[in-house]
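Per-chain numbering from 1; labels A, B, C and D assigned in written order.
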Amino acid sequence: MAAIKGIFVPNIVPYDTQGRIHEDELRRIIRWLVSKEVTGFYPNGSMGEFIRLSYEERKRVLKIVVEEAAGKPILAGAAEPNVDLVLEMCRYCADLGCRAVSITGPYYYKLTQESIEQYFREIAAKSPIDIVVYNIPAFANEISVPVLKRLALDCPRIVGTKDTSKDMCRFQQTLREIKSQRPDFAVLIGWEELLCTAMFLGADGGTLSSGGVAPEVVMKLYRECRDGRWEAARETQFQLLELFSLMVGAPNFPEGFRQGYELRGFTVGHARFPLSDREETLIAEMRGKLACVLADCGFAEAASECSRGGGGCQTAGSGLDMDAVVRAVLQSLKK
Amino acid sequence: MAAIKGIFVPNIVPYDTQGRIHEDELRRIIRWLVSKEVTGFYPNGSMGEFIRLSYEERKRVLKIVVEEAAGKPILAGAAEPNVDLVLEMCRYCADLGCRAVSITGPYYYKLTQESIEQYFREIAAKSPIDIVVYNIPAFANEISVPVLKRLALDCPRIVGTKDTSKDMCRFQQTLREIKSQRPDFAVLIGWEELLCTAMFLGADGGTLSSGGVAPEVVMKLYRECRDGRWEAARETQFQLLELFSLMVGAPNFPEGFRQGYELRGFTVGHARFPLSDREETLIAEMRGKLACVLADCGFAEAASECSRGGGGCQTAGSGLDMDAVVRAVLQSLKK
Amino acid sequence: MAAIKGIFVPNIVPYDTQGRIHEDELRRIIRWLVSKEVTGFYPNGSMGEFIRLSYEERKRVLKIVVEEAAGKPILAGAAEPNVDLVLEMCRYCADLGCRAVSITGPYYYKLTQESIEQYFREIAAKSPIDIVVYNIPAFANEISVPVLKRLALDCPRIVGTKDTSKDMCRFQQTLREIKSQRPDFAVLIGWEELLCTAMFLGADGGTLSSGGVAPEVVMKLYRECRDGRWEAARETQFQLLELFSLMVGAPNFPEGFRQGYELRGFTVGHARFPLSDREETLIAEMRGKLACVLADCGFAEAASECSRGGGGCQTAGSGLDMDAVVRAVLQSLKK
Amino acid sequence: MAAIKGIFVPNIVPYDTQGRIHEDELRRIIRWLVSKEVTGFYPNGSMGEFIRLSYEERKRVLKIVVEEAAGKPILAGAAEPNVDLVLEMCRYCADLGCRAVSITGPYYYKLTQESIEQYFREIAAKSPIDIVVYNIPAFANEISVPVLKRLALDCPRIVGTKDTSKDMCRFQQTLREIKSQRPDFAVLIGWEELLCTAMFLGADGGTLSSGGVAPEVVMKLYRECRDGRWEAARETQFQLLELFSLMVGAPNFPEGFRQGYELRGFTVGHARFPLSDREETLIAEMRGKLACVLADCGFAEAASECSRGGGGCQTAGSGLDMDAVVRAVLQSLKK
């Protein structure tokens, strides 16, 4: 099996005006990201609102992503409500040819580390597909490093971890205590502010939501890190911070990222959660700012919504427009 | 509509040896609790592992409870994954004749109070059934008192709250700021340690999981509180603490309560979450202790598992055996 | 020794325009509170900014309070920086004839329960004066109920606890597990919202900062609780909530309470911590509202600062003006 | 003034058998660290138990450190109980020729960011010496990045920050938002697990307690980072993790670090906080392990307490024994 390394883009789910999955637009997004050369995809994660979809919808999203991924590896979220359903989803993912599934700690109930370890052991013993343990303590029970270490050393099916804890002491311990003993264990970072830092310490890559909005920037950063061009990487990382902080700071996560997709030319609709009037206003304001940052990055299609008056920017098509880049840089320097 | 007051028992879901819902045993439990004169039922809550059931299973559990409830009021959990599914469940509950639904704050994602308010407003505007707002900050986003107050004053469909925060400052503020302005707003406590305290302050009752294991004790406590017999109530409350602390302190919540049902004569199986070997041992030990406490309460059917050797207790049948009560009390006094 | 029960008022420290302890005003406050028949005093606690005073200043404050207390019992804060200094302060308090000292869990460093237990054991073994263990987890390390229980059962010098955790499950456990085994162990509540609740459950009284601003209300509430007049007590408790929430919600704790003293006719100056301009404005606004609430309570001296135009209120002198009370009640009813 | 960069060692305070400051041993430690070429010293911080010393003791410690520091820069803790005392300590530090003071957020009370900003503004306006803002949210109120940024841009006296939050998102934001606008603003990391990461991102150095126990390792790591020898740095960082985790994980912080000093040949006594019998045992066990790790690092004087039987290690004298290093490395490789 191929090593799990690089950037796996956590997919959003576009909805149509009736709130159903907008399948054509999802296909168009995946094809666009394939053309941008992202490493792979990560459907049915937090960004994909897995918890707000029905079981059947999650299967449908996954199928579409696989069909359009052009053979790129898929890391599929499989944090289903109970062990039987997790295993059913694992079989489904295996049948579709996914590279691995990603499973968060259980959510809602607070559980002991012992219970969580047993949960992953039971799944790992029966899963027909490799498993990445996804640690996201803000939303679900944390999986401690000692538990993760025992799982990594005992369970062949557990082949890596995705960490969204933002805790770099933990991340470093994971590398030092687990990867040192099992070098093929994939350690991915799940928070864009820390990609450069994580790769400097020895990470294999990341699952970064910004990678769906600005794949050009995120892949550039990844390549710079991978090749040890740290000077350049730090600068690209700082550029990414601005983009990310706007999207992650918007009300009603993951709404901010969805606005980013809209600015790149996709019609994705709102997240599946009601917005107050005031939140709608805040999001419109944030979208205006985001348009300018994206225009400054050289993404011409975003420029038309930049209220700063960057009138020079063209709105023609997607992809990197070199004229727009030059104009955006000049515009940025004038500030 | 009848006022929402009294004790609503949060139901567990018994499973058969294949892990499917054990429908006959669920029916038997409900009928038994009807015979014990609990006020009503609360299916599909945290105790009922709603989050580990499929959507169809939740509907099935609810249907069974309604069929066996002998007309007693049902407060049905309806914390579904998105607004559309919540509303679909609300319609289902309305069709079955439930008294109201209970909806937790959204879980998994961390949301602002503004988003949470909008969520409940949207549901309240479209629901065909009354709504109780369920605050359980340990598991789901907290709903602040100011938000709850605006919902209570603006939304006719929002008719009460169930509070499992254990925060008596909050509880008192809820009574003072909301119930004072809308006296029919039901304020229920969702934590057995605090029933007596809550009712002293003016609560309408509670949803207490112990009520499914020791309905005799919980209903006695409720009646004492309702009638202002505070001296007696405090003593019964203290008695309940021992029972509750054993069940709530067991590994793998709500496993401890399930052991209580077993000791009262039901076959409910384990909760839908794996147990480690060590946890199995801990639970077996806890069950032995719980058997003694239940025997001391006069529940003769539990006595056979009390390893303390309270040999006087008979194991004949379920229900309150007056001889057993007398023996258990004497036994307890001897300690 | 006398039992520790009733209301111990946590004293503030008035400062003069140079920021030094305003000794005359401190004396005047104590004498006034003596005339209001509070049970006793609690100097050098959180309200008294013990941590912002020098060691010598703390001794000075205590001496003044003792001199003016007219024989009423003193519970003196003695949370000094290390065991030797705690013991030195204990000796000082003993020499002055205080009833007991009150000691918080250590602050700043996070310590284990084992370390905290050892800390109190060492102090208890050498102290010449009784000790009340003060649990205030928002500011200092929590002292768990099991630790407190062992201390209570093993150390004769540890005679009670003051609890400011706001956790009524904990409070009830303290009563049930400790007071049941050692009935003379004093259990005091340190949060005014919960006085009525705490006494209903069996508390011996409280240390309530509002007692320095509205001793009439707090002592009335205490007496109602003590005598089991619960109906009246609940109403008085609700009245106290309004007063308390304004003072505790003001910026720069304990500044809000200091404003209350000012409105009762004392010149206390600001707390020993800088205020921003915006905070000064917020506090002035809060003072206006507090004046009205105090006027409504019948404290005529506060009425002149009530901007609501309750023109009927006189500003003559301190103490309870019966005319003002009647007017304030009428005014309140009209709202 | 010299830039604040490099490694400032947070000093412990050795005590004699009566619990008084052991002045001779403190002098000996400082001279030893000077010989090891640490950059500077950081007395009266968390490691130095500033909060358990009296005001006069803190002054005494500082004076001794200055006298023995051989002109190396001193960053002196000045987190005194109130603004006047902070300023008095600032003047004292200025008179002694310290490079700057370090001030934590206020502790004990929970304060708003606005209050904290005002606190630092008031001190900065009047201090005769440069100030480093010390963020240690586990023990004292956090100082947010926006507040720190305003302070950095408005107050010439505020010249840097020391961060012990372990939050690398925050650390990176500090560098990007403050240092980018004020390049002379010193950004120091206060957590040894993160030195390499922090310097990779652009930090100026750190205050690392391990630097007092293993100055050879910490200074080596610092130099490797400073010179961009990242491959080597990461390895040294991993080596430091083992040392640090033992010391920081010991009961009764900072006791673990004190044991390290003892193993390097100093007599420092216990921290100023009681130890239970069980904790004494745990610390003795930890000391045995630490001795082995230090011996493996080549610190021969620690080897005699290493129970693993690394018989080859000599116990002759302090300092780096090259023979011992070679033996320790060989020993380590054999494992």
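By our rule, a residue touches a chain if its C-beta (ideal position, glycine included) is under 8 Å from a C-beta of that chain, and two chains touch if they have at least 3 such contacts.
The structure displayed is predicted, hence computed values, not measured ones.
Think of each touching pair as a link: the shortest run of links from subunit B to subunit D has 2 of them. Our note on geometry: subunit C versus subunit D, Cα centroid distance of 39 Å, whole angstroms.
Measuring from the averaged C-alpha position of subunit A to that of subunit C gives a distance of 52 Å. Centres computed as Cα averages put subunit A at a distance of 38 Å from subunit D.
Residue positions of subunit B touching 2 or more other chains: none. Chain pairs that touch one another, listed by label: A-B, A-D, B-C, C-D. Of all residues in subunit B, only 166-169, 172-173, 176, 191, 193-194, 197, 200-202, 230, 234, 237-238, 241 touch subunit C in the complex they form. Looking at the complex, you find that subunit D touches subunit C at residues 19, 46, 51-55, 81-85, 106-112, 114-115, 117-119, 121-122, 138-140, 251-253, 272-276, 278-279.
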